[in-house]
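Step one of this worksheet: look at the structure below.
Chain IDs A, B, C and D follow the sequence of writing; residue 1 opens each chain.
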Amino acid sequence: MPSNRGVVYTGPGKVSVESIDYPELVLRPGPGVPPINENRPCPHGVILKVVASNICGSDQHMVRGRTTAPPGLVLGHEITGEVVETGRDVEYREVGDLVSVPFNVACGRCRNCMERRTDVCLNVNDHPGGAYGYVDMGGWRGGQAEFVMVPYADWNTLKYTDKDQALAKMLDLTMITDILPTGFHGCVEAKVGAGSTVYIGGGGPVGLAAATSAQFLGASVVVVGDPNEQRRKHAREVGFEVVDPLAGDLPDQIEQLLGVPEVDAAVDCVGFEAKGHRDGTEQNAAVLNQAMEVTRAAGAIGIPGLYVTEDPGAADQAARHGTVALGLGIGWAKSLSFATGQTPTMQYNRALREAILHDRVPIARNVNATVIPLDDAPEGYQEFDAGAPKKFVLDPHGMLGR
Amino acid sequence: MPSNRGVVYTGPGKVSVESIDYPELVLRPGPGVPPINENRPCPHGVILKVVASNICGSDQHMVRGRTTAPPGLVLGHEITGEVVETGRDVEYREVGDLVSVPFNVACGRCRNCMERRTDVCLNVNDHPGGAYGYVDMGGWRGGQAEFVMVPYADWNTLKYTDKDQALAKMLDLTMITDILPTGFHGCVEAKVGAGSTVYIGGGGPVGLAAATSAQFLGASVVVVGDPNEQRRKHAREVGFEVVDPLAGDLPDQIEQLLGVPEVDAAVDCVGFEAKGHRDGTEQNAAVLNQAMEVTRAAGAIGIPGLYVTEDPGAADQAARHGTVALGLGIGWAKSLSFATGQTPTMQYNRALREAILHDRVPIARNVNATVIPLDDAPEGYQEFDAGAPKKFVLDPHGMLGR
Amino acid sequence: MPSNRGVVYTGPGKVSVESIDYPELVLRPGPGVPPINENRPCPHGVILKVVASNICGSDQHMVRGRTTAPPGLVLGHEITGEVVETGRDVEYREVGDLVSVPFNVACGRCRNCMERRTDVCLNVNDHPGGAYGYVDMGGWRGGQAEFVMVPYADWNTLKYTDKDQALAKMLDLTMITDILPTGFHGCVEAKVGAGSTVYIGGGGPVGLAAATSAQFLGASVVVVGDPNEQRRKHAREVGFEVVDPLAGDLPDQIEQLLGVPEVDAAVDCVGFEAKGHRDGTEQNAAVLNQAMEVTRAAGAIGIPGLYVTEDPGAADQAARHGTVALGLGIGWAKSLSFATGQTPTMQYNRALREAILHDRVPIARNVNATVIPLDDAPEGYQEFDAGAPKKFVLDPHGMLGR
Amino acid sequence: MPSNRGVVYTGPGKVSVESIDYPELVLRPGPGVPPINENRPCPHGVILKVVASNICGSDQHMVRGRTTAPPGLVLGHEITGEVVETGRDVEYREVGDLVSVPFNVACGRCRNCMERRTDVCLNVNDHPGGAYGYVDMGGWRGGQAEFVMVPYADWNTLKYTDKDQALAKMLDLTMITDILPTGFHGCVEAKVGAGSTVYIGGGGPVGLAAATSAQFLGASVVVVGDPNEQRRKHAREVGFEVVDPLAGDLPDQIEQLLGVPEVDAAVDCVGFEAKGHRDGTEQNAAVLNQAMEVTRAAGAIGIPGLYVTEDPGAADQAARHGTVALGLGIGWAKSLSFATGQTPTMQYNRALREAILHDRVPIARNVNATVIPLDDAPEGYQEFDAGAPKKFVLDPHGMLGR
């Protein structure tokens, strides 16, 4: 059996690249695997040689120690790979196929999957929703590794027919595993369309993916808000308007840009670790309250940014139990609507693949995709955590031109 | 000029029936009229002889002194009436027409009206949204009166072609001015459809209108939650399942009824004056948090219940400024969506009129419509406030058979 | 291996009940099986003991000899059954489960299935779309039999949790395999909703299922048009308005019923064998042209009635090649929209199951469901073809109380 | 009273620029004005000094003598202008405003307008739907003139806040009066979205507007089909793929471009004057049948191309009465849907204005907008009819830089 190496969370603030088990077509017990999934057979799965796997902002919640992620967890839920083994029940994938993997694990056989809500699949975890390499998401091994197993492969993988063409555009295509559909979904839920003006809360990779999606969806102006100067600089360079939401009244800043103090739509790409003050103090509803403040009456807000049920690392008591102090009256008076949760990646990845293959969505440029070897993952995590305007793409087998 | 009488808010806890000005086709200055609307000409308006005007739960927020409503405000936003005068710009209504009036005042000429969002019309107030006889809603005189002026009448009124037929069903039809479209919208936003299981938070008239709407939309089971025993009794009698959300674990109670501890959809018909404890103490997010708790992953929550920006009468400091303590993490993990605000009545009233005229929606029975003379309005307010399971319909001209 | 018997098409005008092969978890070559499906392994399938299987109007196109259906074809695509064997890849169904089977065979693994368009699955036939026991639909053996194999069972079957409850309502529930979702889809595509007035072209079982669906969707008035007097009589008895579209000007007849000569929505439940004249002469676009004539501007038309590409039995040359003479100008001037094709049953069957289990949809009564033994199938076909207002439900194992 | 000049249809094949009445705020009797509209007062209207008015392909149906348009009809339904007079009931437009006028005349007061279906307004004609300067569309005077009256101006006009900015982009903005929303609607109805492949039948201005819209909506590949070589050349130059649908098997040609013989969506931008053969012979369903042939199963077809109820100039008898010979069986087998009719311009023009003002939609370049003086209109009609790949913009007051 071949060897395998992967990025392992070893405790608050620490990841390391270690030898890990080579994947089998069964989910073995291990860190984060709930009892219901221990030794779960996966004859419907495939084993992938990982071609690209990105570091995600949501990984940082874990690595910062803001979650209950157990040490030993193999990280990585943004996976593109080549099939090296297929389970006996796989019909439409074969060895050699290059495939993109939605970060949400889904069975293709439950009510929610049948209704395209693969973000909350009912069969892959002990509660709705699953993901690779993520706390509380079913214990599916992460893909920041040389090899990874993907269950229900006929359902969970999207094939690239032309491998060479796909490899050539892999820095863009790797983003359809998570952040591009995540940002796109945020915009769709915020009802972004032709001519919309859009406020994106947060200028990290998901924020930039949402901004890119907004443009692709026809927005006339996209404003990215982030207190991080580096990120604003990058966002401006790739074509977005920018503001620092902590630097003054946000509606005023919007008015300077748009002539009116409001936008048609807003997307919260930050979530519960929102900074509420210039000194960096958190205020978990800060971005959401800003979004409500600047969204016009009859507008909508997409919320891909994560909100948690328990946040032991929070500063105040209420926040520790996941309570956010929301100025809901403002939203109600404007008849706003809100949509939360993971993106159902499979609703979007096929369309986004086609768009990228035909050069419609410059996502790699916009998020500043940066390839690094698997072994450099720890440095990548560190640099990303420090706010670098980069999206790190791990290249475990040296298949991405650097 | 003929005389006029109407229900006037005279201070916390008090309403009285008084002589008021006969309406003109101009909005004269007065209590609650913003400067922008003072002496606004309404050649597009009609004057109605009020046939029916209902007391609404939302009126009670004002009468209880929980808002900034100014004394002197003429109440009443649920209006059906007969045209007695038409402005020169009115083309498609004439004297003698019997019409239903959406409670939201709208111009039919702004972006939001053009997009069917008459709940947040941009031209009838100094901020989005207008209504008759309501605090902060533009100062349009209320219709709990003998006569009332309705602006933009070609847009704002829905005509009954057959007056006799309509008068015979008026106890049902009067509900399309507000509570039925309000409940219906809550259900639509909660994605209630064929076969849905639905939780309705609140068993007052709006709750019962939402429950009725859920059934009409095809729900398989509708559960109404209310701590008020009288209301639960009535709700049960008209065909709904009931629970007391403060009497024990809500998911457990739901499971007893449905076999599973969750529903497909929930509608919050209570809003900020929610009771959080058996002793009647308020907890403004109580109903909303319960709704999140019982709604299944991928579900949605409609929020017709009012949330305010300022609530000086609230018990705690945060609530006083309209902040609600929301357990958003629970909702996020389940990918829930939320929709707030007034219903855009005009999206629904025509359809509901047809449905009622063909005996599809027993709303009068379900909300226990109870006709009283205009002069009895103060008693009606009092009885309603005490929790009586009744919907009071004022009959200023004795046109409704009692 | 147990024996099996089924209804076999033996040539124009003839069906007989014969011994047939007991199903295997593989699709063996046989009448109507395309090369691509010969000996196709189905480890994802189950074998069902058929509890109910209905005769469908679409079967009659074949039995009348109006299609290229090969003699030897085992008929039946409306199947409810009990699992007696499961393939190794089946995870969520087990022996003893009672399940409902959508008439469209679908893989759950192709783009169209992922997009909920199981009506045009890309993997179960040599062109989009599959069905059981139907010409040109992939050669899947029909279920008017004692036993039948259902592939991709985790995807293709809908389970009844409470078997006794389901058996007690089986005459209603058996209709969610085809005609109820077919009629429902026709109405959904025709945008039937609260308060709609609806014209249903055709008073056979699909027409009545569409009429029933229209009511369930909130229609205020449903008008069923059929030249067959028996069918009109039955439709009237179960609560619909009726007209004979060949007995006079259709808009005039509609006006007599509704006060206006048009409806909001129309559903064509007849298709290409439409009668255009009192003498019974066919005119393939007759029902569709009538639908356009009576649908109001901005309305929509659902077309569940089948239109074919080749119709060798047609009277005129153009019709023989599937050409219909459509008065499209009338539709264009009214901005009508049209939707054709099989219903994607899986979009509706779960919801309709819940609705039936809670007594919201009296479909068995409305279509006059009539149980007969498997052996009486030939008589059932004959009686149905003669226009009897009945929906025949075959009961191969005597499990349905008669 | 000032003078006025306009483009008048004087008989088959002929237009001339003539003195015409200066507009009043009343619709006077005249060619094409139905009795119901004679002397209709329009206190809700404005008089515009026309800044731009385009020649439309749909005008050509009239000018070629293929309709019942009466001689004396003033042409022109694509109008942008400056308000020079306002009716007494106009509230939100004033003298000096620069406004864009949707080609469909609509009242803003009927059921269809309230439901955003201004394409079939019920109050501006003797049957649903109205337009300026068009046969059978209510007799509203056309805008290929120096001055024109626009009724219901608060509803029917879209204002440009910054006149200078708008004038600078007028060659693009003038297209939101008709062809851009027309093409956009065709794409929306065909469900064009991110990543779609799209076939556009027809390479005239509407075809190019649809192609441009498809790209703006996120299409990955747009293929324009036209037998006219000049038009194909132009379409290729502005970035679309092209085919000649009469030059060979269309699916084959599509396969050459896309690798598969089908597209996700198709838009018929030709209508009833479709050419079916290389010799130029018409076959009214040719483009629609091609669209069905190349659209994938589960796809949709938008039909902005006009189909008429009576076509006295048609070659064959059936076509003379508006009957098209449709191969509907092909569409049914693929579960296609179809949408016909005028675009409801007001659903799109605001969004498209914003998009153009922010340089998102190069429509002027794509349709080859070409400014000519009003007096050159006859030459413009002639050149356009000869198939020139140009969109002529009339400039009655010399306000457009040439």
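One rule holds for everything that comes next: a residue touches a chain if its C-beta (ideal position, glycine included) is under 8 Å from a C-beta of that chain, and two chains touch if they have at least 3 such contacts.
Computed from a predicted structure; not experimentally measured.
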Chains touching both chain C and chain D: A, B
Angle of the C-alpha superposing rotation, chain B to chain D, to the nearest 5 degrees: 180
Length of the line joining the C-alpha centres of chain B and chain C, rounded to whole Å: 43
Centroid distance [mean C-alpha coordinates] between chain B and chain A, Å: 40
Multi-chain contact residues (two or more partners), chain D: 115, 350
Chain D-touching residues of chain B, taken from the complex the two chains share: 43-44, 88-89, 91-92, 107-111, 114-116, 123, 154-155, 346, 350
List of chain D residues in touch with chain C within their complex: 112, 115, 117, 119-120, 122, 127-129, 189, 272, 297-298, 303, 306-311, 318, 321-342
Touching residues on chain A, where the partner in the complex is chain D: 184, 193-197, 216-218, 220-221, 348, 350-355, 357-358, 360
